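Scrolling down, you'll hit the structures one after another.
In what follows, chain A forms one complex with chain B and a second complex with chain C.
== the complex of A and B ==
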């Protein structure tokens, strides 16, 4: 199911990716692969990772997200993590998981606003 | 009783002789039940304390097995035998738990069982010292209950503007409370879809390294959600402490007053408050 269930949507010059609810390691790796290919294909200047349905965040997921943010950055794009659940945020903080330099937003709308706004004023985790 | 005396034989033997005075001492103690058990766990001696809070008179209980002091479920689990076994193996055993009086009422007891061995090392029996800690137990439970209630009362999170929540912190922050505060704050941020949270620490008496750490933790959790925290109510004393402790709050917006924080929140949201007559 890994590869089929991931959709990378191109929205003008941005990419929108919805992470499936309970992603296993394989799905997460596949997701990174897809995202980077799409970045190259569309020359997107930003990526929105919608994680609103994700209920568990493990260290592999957190590390892959942090890496992806860096890779997308190297390819000239900015990444926004959108819609993390409160419970996931609590657990992540307690486990000391960070998501590198990803920007964060409450939902996809705000993530798009953030990417469309001037690059300054960006907030990092 | 001879074998129970671990005290050196040169203890202040007076008119009565050491053995007699020791017997009177043990028998007279009223706050502790001090009893002897034979190697199979049957009661061999009884004192005033035991009579007082277990309810049995010496002649009724001597020769009975110690399991009559335990609640039925503990006896079914084989707890009395287990405790004796541990005491025999390790020399002693201590725990706290419910025990039963003669009238069936339960009391919370602290029990110390020690194995008594003679010079050759063969088991001669056990000494069992029991204290009634029911009052302490009840007091502890009450305190726990109260602190739980206080914790639930003391972390309100209110929406003061479209997109702005305020969480006034009152009292000190321990890790348990931080956890609860964090959960409540995060849930409210998601519920109200608020990009800004004002955390007011005016009511926090002192900020130590641990409290600061808890605050930083909360702030990073909020950031993961995609919202920002403005720390308000930074009193002069708190500012001094933070600097002296070398706590790094760079990257965290702080203001001395809640109104200052609200101003920052409005800036973040690109909002402006104007006087009505100016808008004409």
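== the complex of A and C ==
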């Protein structure tokens, strides 16, 4: 069930990943692996992680996202975390979570704007 | 709302972390907690369930509704027979971890909840009790 629930969509030279609402650890780890494979396969220059449906962002999730951002950065890509809902933002902040060098956007539209506005070759790591 | 609601949930596999979140989400929502508090409580439960899975392999989560002095709340108890916590004071410090965590589990959980009580005996196990009260 875990692997099927993640889709990595190639959108021109970007990747769009929609994170399922309540992913288990295995799904989150699989997500990281798929993203890195797709980065290389499609020679993507950026990643949008749509977390708008995510209800629980705990320390494992945050650590994996931060790692993924770092890895994507090393591969020359930028990551935008899009759509974090208010309750998750409050909880993540109180818990002390950070998501590394990810850019953030209110929704996927704005995330795409952000990545398209960035000069190619821009790095965030 | 007067009759106490309670239940328990066994944690034995990684997938139980997700299941425990569902149980806690339903219990907190039924008690009338708002979305932000539900998210806080569920996230705290996720951290504590993962602690059990990683450090003790298995354990039990009990939950019950509280009704004290006209206050309504939710109490979650996480019990395991794992290795125990050697230095509780240190475990409550930000950034300290003996495992592969971020070291923000326990202090983070304390900030998310209203009350946190930990009892731990090395070699015997750990019990963590957390409570959140419904704001009027």
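Assorted remarks:
Going forward, the second predicted complex is superposed on the first by the 118 of 125 C-alpha atoms of A that agree within 3 Å, B and C clash if a C-alpha of one lies under 4 Å from a C-alpha of the other, contacts with A are read in each partner's own complex, and residues count from 1 in each chain.
Heads up, the rule we're going with is that a residue touches a chain if its C-beta (ideal position, glycine included) is under 8 Å from a C-beta of that chain, and two chains touch if they have at least 3 such contacts.
Please read these numbers as outputs of a predicted model, since none were measured by experiment.
With the C-alpha superposition on chain A as described, chain C and chain B fit side by side in the combined arrangement.
Look at A:26: by the touch rule set out above, it reaches chain C but stays clear of chain B. When the two structures are aligned on the shared chain, A:82 is found in touch with chain B, with no touch to chain C. Looking at the shared chain after the overlay, A:110 reaches chain B, while chain C stays out of its contact range. In the superposition on chain A, A:59 makes contact with chain C only, while chain B stays out of contact range. Of the two partner chains, chain B is the only one touched by A:99; chain C is not. This overlay, made by fitting chain A, leaves chain B and chain C with a least C-alpha separation of 8 Å.
86-88, 90, 92, 94 are the residues of chain A that lie in the contact sets of both chain B and chain C, per the superposition on chain A. Within the complex, the chain A residues that touch chain B are 80-90, 92-94, 98-99, 104-107, 110-111, 123-125.
Remark: chain C residues 14-15, 17-18, 21-22, 25, 35-36, 38-40, 42-43, 46-47, 50, 94, 101-102, 104-105, 107-109, 111-112 touch chain A in the complex.
By the touch criterion stated above, chain B contacts chain A in their complex at residues 179, 182-183, 186-187, 189-190, 193-195, 217-218, 220-228, 251.
Considering their complex, residues 22-26, 55-60, 62-63, 86-88, 90-92, 94-97 of chain A touch chain C.
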